[in-house]
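For reference, chains read A, B, C, D and E in written order, and residue numbers begin at 1 within each chain.
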Amino acid sequence: SGSQTTQAPAEQQNTETQATEPANAGPKQLIVGRGGDSVGLDPIAQTDGESFKVTENVFDTLVGYAEESTEVVPSLAEKWEISPDGLTYTFHLRSGVKFHDGTDFNAEAVKWNFERWSDKNHPQHNKEGFEYYNDMFGGYKGDETHVIKSVEAVDELTVKFTLNRPLAPFIQNLGMSCFAIASPKAVQEMGPEKFNENPVGTGPFKFVEWKRNDTITLEKNPDYWNAGFPKLDKLVFKVIPENTARLTALTAGEIDLMDGLNPDDAQTVKDNSDLQLILRPSMNLGFVGFNVEKKPLDNPKVREAIAYAINKPAIIEAFFAGLGEPAVNPLPPSIWGHNDNIKDREFNIDKAKQLLAEAGYPNGFKIKFWAMPVARPYMPDGVKIAEAIQQDLKKIGVEAEIVTMEWATYLDKTKAGEQEMFMLGWTGDNGDPDNFLATLLDKNNIGGNNRTRWANEEAHKLLMAAQSATTQEEREKLYLQVQEIIFKDVPMVPLAHSTPALAAKANVINYKPHPKGSESLEKVDLK
Amino acid sequence: MALLSYSIRRILMLIPVLLGMSIVVFSIIRAIPGDPALTILGEKASPKAIEDLREVLGLNNPWYIQYFDYLKQILSGDLGVSLHSGASITQEIGPYLAATTELTIFSMVFAVIIGVNAGILSAWKQNSWFDYCAMLIALIGVSMPIFWLGLMEQWFFAQELKWLPSVGRDNSRNPVEAITQFYILDTILAGQWDQLWEVIKHLILPSVALGTIPMAIIARITRSSMLEVMRADYVRTARAKGLAQFWVVYKHALKNAMIPVLTVIGLQTGLLLGGAVLTETIFGWPGIGRYIFTAIGNRDYPVIQSGILVIATIFVFINLLVDLLYAYIDPRIKYR
Amino acid sequence: MSHPVLQIENLQTHFFTDRGQIPAVDGVTITVNKGEVVGIVGESGCGKSVTSLSVMKLVPNPPGKIVGGTIKFKGEDLVSADEKRMRDIRGNEIAMIFQEPMTSLNPVFTIGNQIGEAIRLHMKVSKKEARARAIDMLKKVGIPRAEAIVDEYPHQLSGGMRQRVMIAMAMACNPELLIADEPTTALDVTIQAQILDLMRQLNQEAQTAILLITHDLGVVAEMCHRVVVMYAGNVVEEGDVRTILKKPKHPYTKGLLNSLPKLEGPRERLYSIPGNVPIPGSLKVGCRFAPRCDQATDLCRSEMPQLKAVGENHLSRCWLSE
Amino acid sequence: MTEELLVVKNLKKYYPITGGILGGEVGVVKAVDDVSFTVKRGETLGLVGESGCGKSTTGRSLLRLIEPTAGEVLFDGVNVTALSADEMRKMRRHMQIVFQDPFASLNPRHNIEKILEEPLIVHGIGTSAERKRKVQEMLEVVGLSSYHARRYPHQFSGGQRQRIGIARALMLNPKLIVADEPVSALDVSIQSQVLNLMQDLQRDLGLTYLFIAHDLSVVRHISDRVGVMYLGRIVELTTSTQLYSNPLHPYTKALLSAVPTPDPDAVRERVILQGDVPSPANPPSGCTFHTRCPHATEECRAVRPAFQDVGDGHFVACHLYKP
Amino acid sequence: MAETQVQTVSLRAKEEEVVSPWREAWRALRKNKLAMAGLAIILFFVTVAVLAPVIAPYPYDQGELVMKNKPPSEEHWFGTDYNGRDVFSRVVYGARISLWVGTFSVIGSVVAGTILGLLAGFYGRWVDTIISRVFDIMLAFPSILLAIAIVAILGPSLQNALLAIAIINIPNFGRLVRSRVLSLKEEEFVMAARAIGMKDSRILMQHILPNSLAPIIVTGTMGIATAIIEAAALGFLGLGAQPPEPEWGKMLSDSRQYIQKAPWTVIFPGLSIMLTVLGFNLIGDGLRDALDPRMKN
């Protein structure tokens, strides 16, 4: 059954509530400073973290992740059953949940959302498509590889998913921020473009106003299903592009919470009794990659020599200010399947030189070193780290010329394999090892995210096997082996798993950053 | 009437310039490497998705078709849709433009008031102690990299002394309710005096950074223009009438001296409007400069095109305004 | 002698420049009596304008400065008068018009505004009255359509009209002395004739004394009662107009008269004074004219002659005319 | 060889005035409007008139320094208006010009030697040494010294510069020199030096002058025949003696009577003209002088008088005189 | 005739000395204290740039991470930066880059602008129309945005920044030269050159160009100042010099996040930019006074 009550359109309602709000009756207000603006607020249409930081507060997903981990927990679905063949999933929805526009959340709404996402011909399907849906569920309705066969509303609060083939991380995927349930009525009435700027969900906060490149304002959803939450009356996301400027604003009391703290400033924050340092659990990797198709990087000895020459601890000390650990494998240790047995190469110039000599380059060589022009959580300052690596390499006679370009161009060209040595990284989406190992290093992904163009048959076979294996133990074993091969052949030098740092006013409590980079702030409160 | 026909002619003359500008902008942007589809979809996108998106965005059409599509669209008053945010640029650009305009006006007012008066006093007291100091400061002013000045200001006045806020347009805890998007106006309309004060405080540092160079340039040009005018025969005539020096300077000399100063003010206003990229980046000002700069990074063609075109159009119209002001100040201008 | 309006005595105005001290005016003595037209003639750069500006105390300072001599206006010393007093005198008791009618009016104010300014300044009348008087003055100097012209801008008028406006402005407050610094040099002869006519008329009607600066001996002959001839910052000869033009004593005056082509009479080869007009201060000793004088003696080259009477109302600065 | 070195027939020079919404041509300034005269070999023809009447434009158009709008200029039998640009350049050897402004007519960045040598270089005359010698000679001719050659224009006084301008014109041994107000910018005592020099040169080198000036006494002094210009037209042209003793055109009369003479006893009948010279962009109909003429009739307002000989080669354009 | 010729008093042969206009300008310049101060500043930086390897105590691209952001000391006069590199050495080497970019970009715009300006001014008509319109269009863009766009096309690097700066400044010089040509064309000495039968090309090279040189030099000098700032701005935006090149603007932007902890890393490069630019502006001012024909006679 659809929505029963007719209410004023969301937008109008918003302005009303805003107008009636008392000006300064001491509402609890939290201002979050961040580096960039959201791209859009229709979660399914987004891929960037800045957008999800907001949408997670406006929308809910069927299932959620536990605090600080990727373990799946109930959300809009209170419980679910999986058929033994892994092809049918039945979700029992929470009752009494309403969208911000007053319409009911129910099985029909879920079904409608999935139809919108999966069917290219759906009237509210965006012309650009829905990137994440496409990736996670093997394409759209009608595609050969499409995973979801059907979504049925069994009754008001029961939804049944039927799959074409088993997908091990299906439930895991449903927890991703993008698969949040939007109000069908609002989307239909506004159309995808307008909805993208005036989101209506079931989440703890309602959307109020968006001043582009400046602020997004949300207010408390008093009818939130999770009784007692949210704690805050008002939530504001404010854009302050410069990391230092943001810290200044925090210190000055203009904002309450900020992300993207420069690791260098962590100490400053700790020393300030007015502030607190908050660390986000790490689920990422920053690495130096080698385009193994380019000489002399096609020679594993050369790659290994470089691995020896990079002084990882010094770099982590200098640029992560200790907020990160040296990476040994592409997979972060926080994800299951990480191979703890591999011991990293020590920083050793002599060994590096010796390997170079063995490879036939006793006097080193010249090489182009592509450096990331932007800061990412996994690589706080690409160019500076590149400069440090450049200094290191000089010691073994390798003259690295740093090349930077616009981020878009960088991604484009590295994908095409124009680079020699380069830097990049990855933040996990759902806590599955496949999301790191296969994405970054499987030969099928050459021309895609495997920018090292490393096409190792052995590793490929293992990775494919792991994808279709059914038990975690089985998969884990395969991933351990893959990591050994990677370590030996050195298609990349994993640099660090960084711990993104945040800072907040001392009176901010119950803020638990999530490893995936965005989270709902419903529990956050002010002392 | 002559003025009207002159204005019309000036506006008509703008058409080829604007058209030329649109071609330039359009071709420059097509020449920028990097695929907007990729940028939109991000580093995790699949090749197929990118290709599909290119098709949807019309990026696979020949460039001239793209240009004429674009031109048609612009002429119908539609600036297009941002590839990045999917929002209509016509709507989106307003607040950015307002933010930059407010900053520009504030900076220019600061620059003009101080610059013109310093220039006049320097010329009046030529070779005096004041003259030397003012001109040396002005010279240092023109030599100042604004981004450095901005950083230093921020460091000193915001971080060390904590006198003034360092970023943004208003206090987020007490945000201005935007009606016109010009916050000074908005707060006055709403009678929110505490907010007005906040808004002004936020304007000070970026305005000083942005206004320093124009101020210095205006001071220098005012001085040299005044010196030239002060040598003019009619100034001697005015003095021979028995007029006090103050009136000679501020009435007879100033109005004539303002003519070249006006050009500079116009030119600088235009430059500020577009050149605010640096200041806006440093001071987190949600303005048009940063909007375009970000768009370049995102390969957001429509935004770059329309953004630059809007700025350039304003720039061209400021020049027109300056020309008309000339005609007002200088009756000799024949509307040729 | 009748009442002197202006008595300049041994005036010295020097410029202090990078290239040293330039004695632009170096010992000038001139007297102007009530109702009299006195002419100053001399070639370019001899110090005519600086003399007149010194009277108004309008010599640009720096670099110029009155370093010696006295200027008495109706017995009052102007050299020591303060700026405020000078402002009262300027445009009120002594008025001045300049050579360049094209640039001497402020291009951005109307004619009425500029004339009215002087009137309001010195007569303390209302704006309206000032305007009415401005229109009156314009009519007096023969400007047609005065009511309309008063609201026009200088560029809308021809050179001759502008010079009339300048005269109207100068005469607006009934000055006792009018200093006219080459008022017609920039004008065509037919226009010059109009302006000279007007000035003569004003002199006769209002008994305004005029100090007329020019380099045209023809103008002097038509306008002046008395003439002062200047050369390189000095007065070299002075006398009434007939004496100077008919029976000059100083070789320079003689040479000047002889080098003029004539409009009537036989066309003879012109006399020419050899050499160039000196820059003031370039000659330290002797008579300033000695290097160009074909009668110069050793005395001339070593000692500066004094301005001495050589006849009735006739002074000359020359060893030979004694 | 004809007696006439220069024949000017119906010379016109119109400058367009642009304006209006589209910036098109909205009118013309008739700077020179149908001027005809001849200059005989070895004579000096004077051209007088008030400022803006088109004297300079005439002088420059016949050298084609300004392209004339219409008309014919025959120099030594050759129609120079029909020459190609290259032929014209060669022709210029024979016809030279001296300018009014001694400060603006010499390139401030060239020294005197270079300025004087340039004409020879341009026309490929002589070797370097010969050219240098010629420069030295010419400096002596105009009364400067050979050591002046290395100096720059700003180191000279106005009179000396005017001598340099004359020397430059003489370097190519021209037949005709157009002197455009060569003494107007000079002081009286210097003016007579230059006038004497020009007369001496004419005598010694057999030059022909077209001498432009606004000073009637100067023109009378130097010219054999004089033309009087008013608003782009020649209104009277006759011998110098005739013109000054028996002027016919009312404008000439007024002009002559307006010149002040340095003789306090001279009693002359004064004709003071009313009003200003009209603008050449909007010249009066008929006789252009009728607006200021004391004798103007209806005919003057309507009909343009012909420029005709009223006897003895005394040309005048006035309805008062009919042959 | 000879008797009419008596030498003037003031210009006797003995005190005679050939004073070419350039010599004269230099004399005037030498008297100008501020201009000399400017010249001194520039000479100082030029010397520093030339002798950089001698002066700089450390290589500009090598440091130890353990020495990160150390304050000024005896070993490191300007302290060290985020990579432990010696800021003093980097500032010293940076002088090379700034002077190089400033000078060569201006040379580029001057050459191109002069050629275009001469063509437009001398030949007029459609040549002028086309060139002037192109200039109009270029000038209608805020120059920094245009530079950003050009660099975005060419890819960020010092050379490309130099090129972009050269391109955006062409109209300034082009217009200047054009207007000079237009006014010089009417000058009597140009008319005189035509009157002696000189060809257009020679008039252009002998008369018009040399007389346009003074304003070109003045504007060019000031242009170097602007170009240095523009290069630094591009560097600041990450569009100019690439690491580890010690370009001052880049150094500023790289270090600004440490402004509170290590202000020296921001102060010194900024000061260097300002001083160099000031030097060029001072001397440009002086040159204008010395070369301005209005100041003479």
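Some points to look at:
To be clear about the criterion, a contact is a pair of C-beta atoms (placed from the backbone, for glycine too) under 8 Å apart; a residue touches a chain by one contact, two chains touch by 3 or more.
Molecules present, by chain and UniProt name: B, E = ABC transporter permease; C = ABC transporter ATP-binding protein; D = Dipeptide ABC transporter ATP-binding protein.
Note that the structure is a prediction, hence the values are computed from the model and not measured.
Number of steps on the shortest path from chain A to chain E (ABC transporter permease), with steps defined by chain touch: 1. Among the remaining chains, the Cα-based centre furthest from that of chain C is the centre of A. Chain geometry summary: the mean Cα position of chain C and that of chain E (ABC transporter permease) are 49 Å apart. Spacing of chain A relative to chain B (ABC transporter permease), judged by their CA centroids, is 38 angstrom. Centre-to-centre, using mean CA coordinates, chain B (ABC transporter permease) is 54 Å away from chain D.
Annotation for chain C: residues 272, 274, 276 touch two or more other chains.
Of all residues in chain D, those touching 2 or more other chains are 157, 160, 193, 196, listed in ascending order.
Listed for chain B (ABC transporter permease) are residues 33, 154, 159, 281, 296, each touching two or more other chains.
Chain A meets chain B (ABC transporter permease) in the complex at residues 29, 31, 39-40, 45, 47-48, 126-129, 131, 134-135, 193, 196-197, 211-215, 217, 236, 238-242, 245-246, 248-249, 251-252, 254-255, 406-409, 411-412, 415, 424, 439, 447-449. Residues of chain C touching chain B (ABC transporter permease) in their complex: 56, 58, 62, 86-92, 95-96, 98, 100, 103-109, 117-118, 121-122, 153, 155, 166, 169. Interface residues of chain C facing chain D in the complex, by the touch rule stated above, are 43-44, 158-161, 188-194, 196-197, 215-222, 241-242, 245-246, 255-257, 259-264, 267, 269-274, 276-277. In the complex of the two chains, the chain B (ABC transporter permease) residues touching chain A come out as 33-36, 38-47, 49, 52-53, 56, 81, 84-87, 92, 95-96, 154, 158-159, 162, 165-169, 171-173, 175, 178, 281-284, 286, 290-291, 294, 296-299. Of all residues in chain E (ABC transporter permease), only 34, 133-134, 136-138, 140-145, 148-150, 152-153, 155, 225, 229, 232-233, 236-237, 249, 252-253, 256, 259-260, 263, 266-267, 270, 273-275, 277-278, 281-282, 285 touch chain B (ABC transporter permease) in the complex they form.
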